[in-house]
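Sharing a structure, written as structure tokens. Questions coming.
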Amino acid sequence: MSRIPLDPATSPAFPKAAKKSLGDQQLRRNVRHATDVIQAKRKRMVEERDDWQDLRESGSQIRQHTLRYLDQYLEEFERNCTKAGGHVHWARDGKEACEIVTRLAREAGAKEVIKIKTMTSEEIHLNNALETAGIMPVETDLAELIIQLGEDQPSHIVVPALHKNRHQVREIFKQKMGLKDLGDTPADLAEAARSYLRHKFLTVPTAVSGANYLIAETGGVCIVESEGNGRMCLTLPETLITIAGIDKVIPLMDNARTEVLADEEGRQTLHCIRCGACQNACPVYRQTGGHAYGSVYAGPIGAILTPQLQELHHAESLPYASSLCGACYEVCPVKINIPEVLIHLRHKVVEKQTKGLGTLNPEAVAMRVMAYIFRSEARFRAAQKFGRTAEKPLVNREGWIGWLPGMLGGWTQARDLQAMPDETFREWWEKRDKKEGRNG
Amino acid sequence: MLERLGHTVEFPAGQTCCGQMHWNTGYQKEALPLVQRFVDQFRDAEAVVVPSSSCVAMMKDHYPLMAEQLKDETLKAELKQLLPKVWEFSQFLTDCLGLKDVGAYYPHKVTYHASCHGLRNLGIKDGPMDLLRNVKGLELVEIENLDRCCGFGGTFAVKNPETSMAMLEEKLGSVLKTGAEVCTACDNSCLMHMEGSLHRQKAGVHTIHLAEILAGEEAGQ
Amino acid sequence: MADARSAILEKIRAVKPAGFGDKATAWQQIPRSFLVGSTLGREEILHLLEDRLLDYDATVERCVPGEIAGVVKALLEKRGKSRMAIPDGMEPTWLPNEGVDFVVDRELPYSELDLVDGVMTGCTVAIADTGSIVVRNTSGQGRRAITLVPDYHLCVVFASAVVKTVPEAMRLLQTWNTAPITFFSGPSATADIEMTRIKGVHGPRFLDVVLVLD
């Protein structure tokens, strides 16, 4: 049942992966439907709240505050959690976290563990580590179960299987649960999941969870869920292993989060509460779905989180996987200015790519030439004239360009470009001034 | 149109580009000198009217940060004076001048596309549609999902051509559904993007900037 | 090499943004202009709670304190429930005298809890804004497992325990903040398949609320 986890280190760059996803019409229909439904519901609830902007502001400031005192809150959480009978373990990275969880599960004598949906465990590939150690992880969230049984990858942080429709889920369940007859209404499918997991909940003594929040004041773990699987895992087993990043207000695992914290402009990324609102609002995600982002964190938040957790290795195309339309920032409940962080990361990508010989890459050269032109009126005028001459061979009789060379070819794959006018605005304006005897 | 309303219009010849393309693609070093250039060209204006919402968003949202990066106190002070006088074209009419009717004539069925930076960074909401509703002869038809991006996004359109096209296809589907002859907006980049595909498809629908519609006059007037 | 704990804390101290004075004062200074109370009247708040619960596929029956046992009896009859778990300390006057076998939960094994027809409890507080009911491990509400394993939950909510907003509820709960606290909003549900919301997966799939106007 092992599956290859989504890993930015081995995933293709976004444009290539997106191209593949865009060819999957079923996936696109499923993603559009799901995001439309969630967005409409979110909108309805937000419109009911007169104090939505106040809540966003407080949420944002609470997150900023927590980062300013992160060390103290971590120690406070550890103290209070220990006082309440818990044990706090610290891990520098995903590998260390997997080792700790595996060791704890082994010490508890676990042959299998029941799991609440946790993106952190996806991030660190915990299931693979457990399986390697001979411990079977059992996903209990309906969507995660679909993903696990279907040997698939999560494509959304809140609704990980939104790319599958009921018929696809039915096929997976029939095959993997060994069911001959199974209806295809969502209720039938949920009933099948209930039967499949009921005995596990009542008998498996070890559970693994993530955390929505860790509360420093009390040493408490807060989990939000809807199916009851979370309550089952938190309540019935004897051992609960909770794994969370240090950005979850007050947590355990670093895995490059301190690197993000060190970046003045990027650190607001750590405010994220993993609500998925930005994914639902994103027009890019809407078309490509989540897998194209090559990481468990898809959509706008993934486009800024993954490159930072990776310190830009392997994920240089993600900051460009956005039209900067700002829909993500508009819906973010803790006001992360995602477009700003994207632009900041793009700058870092450019700095990295234009080092040494990179300074000769065609894009960098073109950008430098254009900047040189924009710095002078004379050069700007000359460039307009030159452009008109240079484009001539490409312009058809109607005054349109249907094919462009090199990197600009992306434009003309499916769009035409109008040729430059015979007379620019500037020329028209100056001629008019002369005619009317005005001095421009 | 501005002259018709009684304003004196000047076009400083030294102006070039606001630097948005460089800045948003990550070429900060290349964009930085363009801030000083902008201030030099426009510092004496009573109002700077810009027919492109994303350029205005670039100036208002990023120029102060860029001056900060340059550690140029004089530039910072000048921007503080100048930026409040910078207006996006439709906002200049509706918010600065308080107009809804500019006496225009344009006998066509028109739909309005809300460009993202205008909508979200500048807060342009009903203004352009109010202006359009008051154009003589014009029938305004509203588009579904008004707040959804057309997929242009500057270099995004060439770096991610397939995704950009998928977004554009959906947007154009909405445009065509309105039955409008013309789609207008406050940002030429979106219009160029949409027109590029409408022309390729020979859809018979065209894009035109809001200013061109508002400049239209009835013959004989 | 330093241990992970010191390494992480040291790194954080080296790179984090500077704080504004001491932590507790800075915490107090965070703006909180969101709504804590409300201008709604008692009846409007109760109506909102009912509206939310119905939206989540729960049912709500209103009554006055003297009528609880009668309403409970009718509800259980309608649902065909004859064997119900109750927590220790359950108010005896809420229980109908005949027709239902009430089993007091004194650490019943999970397999036993799985066999009862349902569970009946009181609650600590209910939140109208979100349609949430809050229970904790105390007399009349019971340990977490009893409101979780049985497939049906009948919950008695007193109007005096209903607040409008989440912040109001959090203030009340502050007293017991180190104990496990469960918030549930309607019966268990999922929307994981095609965003179609369906009632009932693993937790109680059916929820009846008796709203007592005290």
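Read from first to last, the chains carry the letters A, B and C; within each, the first residue is number 1.
We take it that a contact is a pair of C-beta atoms (placed from the backbone, for glycine too) under 8 Å apart; a residue touches a chain by one contact, two chains touch by 3 or more.
Note that the structure is predicted; figures quoted are calculated from it, not measured.
> Viewed as a graph of touching chains, is the assembly arranged as a line, ring, star, complete set, or other?
Graph shape here is a line: each chain touches the next, no loop.
> Comparing chain centres built from Cα atoms against the global Cα centre, which chain wins on proximity?
Going by the distance between chain centres and the overall C-alpha centre, it is A.
> Quick check: how many Å separate the C-alpha centres of chain A and chain C?
Measuring from centre to centre gives 32 Å for this pair.
> Using mean CA coordinates as chain centres, what's the gap between chain A and chain B in Å?
Their C-alpha centroids are separated by 30 Å.
> Measuring centre to centre with CA averages, how many angstrom lie between chain B and chain C?
51
> Using the touch rule from the top of the page, what residues of chain B touch 2 or more other chains?
Within chain B, no residue touches at least two other chains.
> For the complex, give me every residue of chain C touching chain A.
Touch list, chain C to chain A: 3-5, 7-9, 11-20, 23, 26-27, 30-35, 110-111, 114, 144-145, 148-149, 177-178, 182, 188-196, 198, 200-204.
> Given the complex with chain C, which residues does chain A contribute to the contact?
Residues 30, 33-34, 37-38, 50-51, 54-55, 57-58, 61-62, 64-65, 67-75, 84, 90-92, 96, 140-143, 146, 159, 161-162, 164-166, 169, 186-187, 189-190, 193-194, 197-198, 201-202, 217-220, 226-229, 231-232, 234-236, 246, 254, 258, 261-262, 264, 267 of chain A touch chain C in their complex.
> Hey, which residues of chain B end up touching chain A in the complex?
10-11, 13-14, 16-17, 19, 21-28, 30-31, 33-34, 37, 116-117, 119-121, 147-149, 151-168, 170, 192-193, 195-197, 199-200
> Name, in rising order, each residue of chain A that touches chain B in their complex.
So the residues of chain A touching chain B come out as 14-15, 18-19, 22, 28, 283-284, 286-288, 317, 319-327, 329-330, 343, 345-351, 364, 367-368, 370-371, 373-377, 380, 400, 402, 407-411, 413-418, 426, 429-430, 440.
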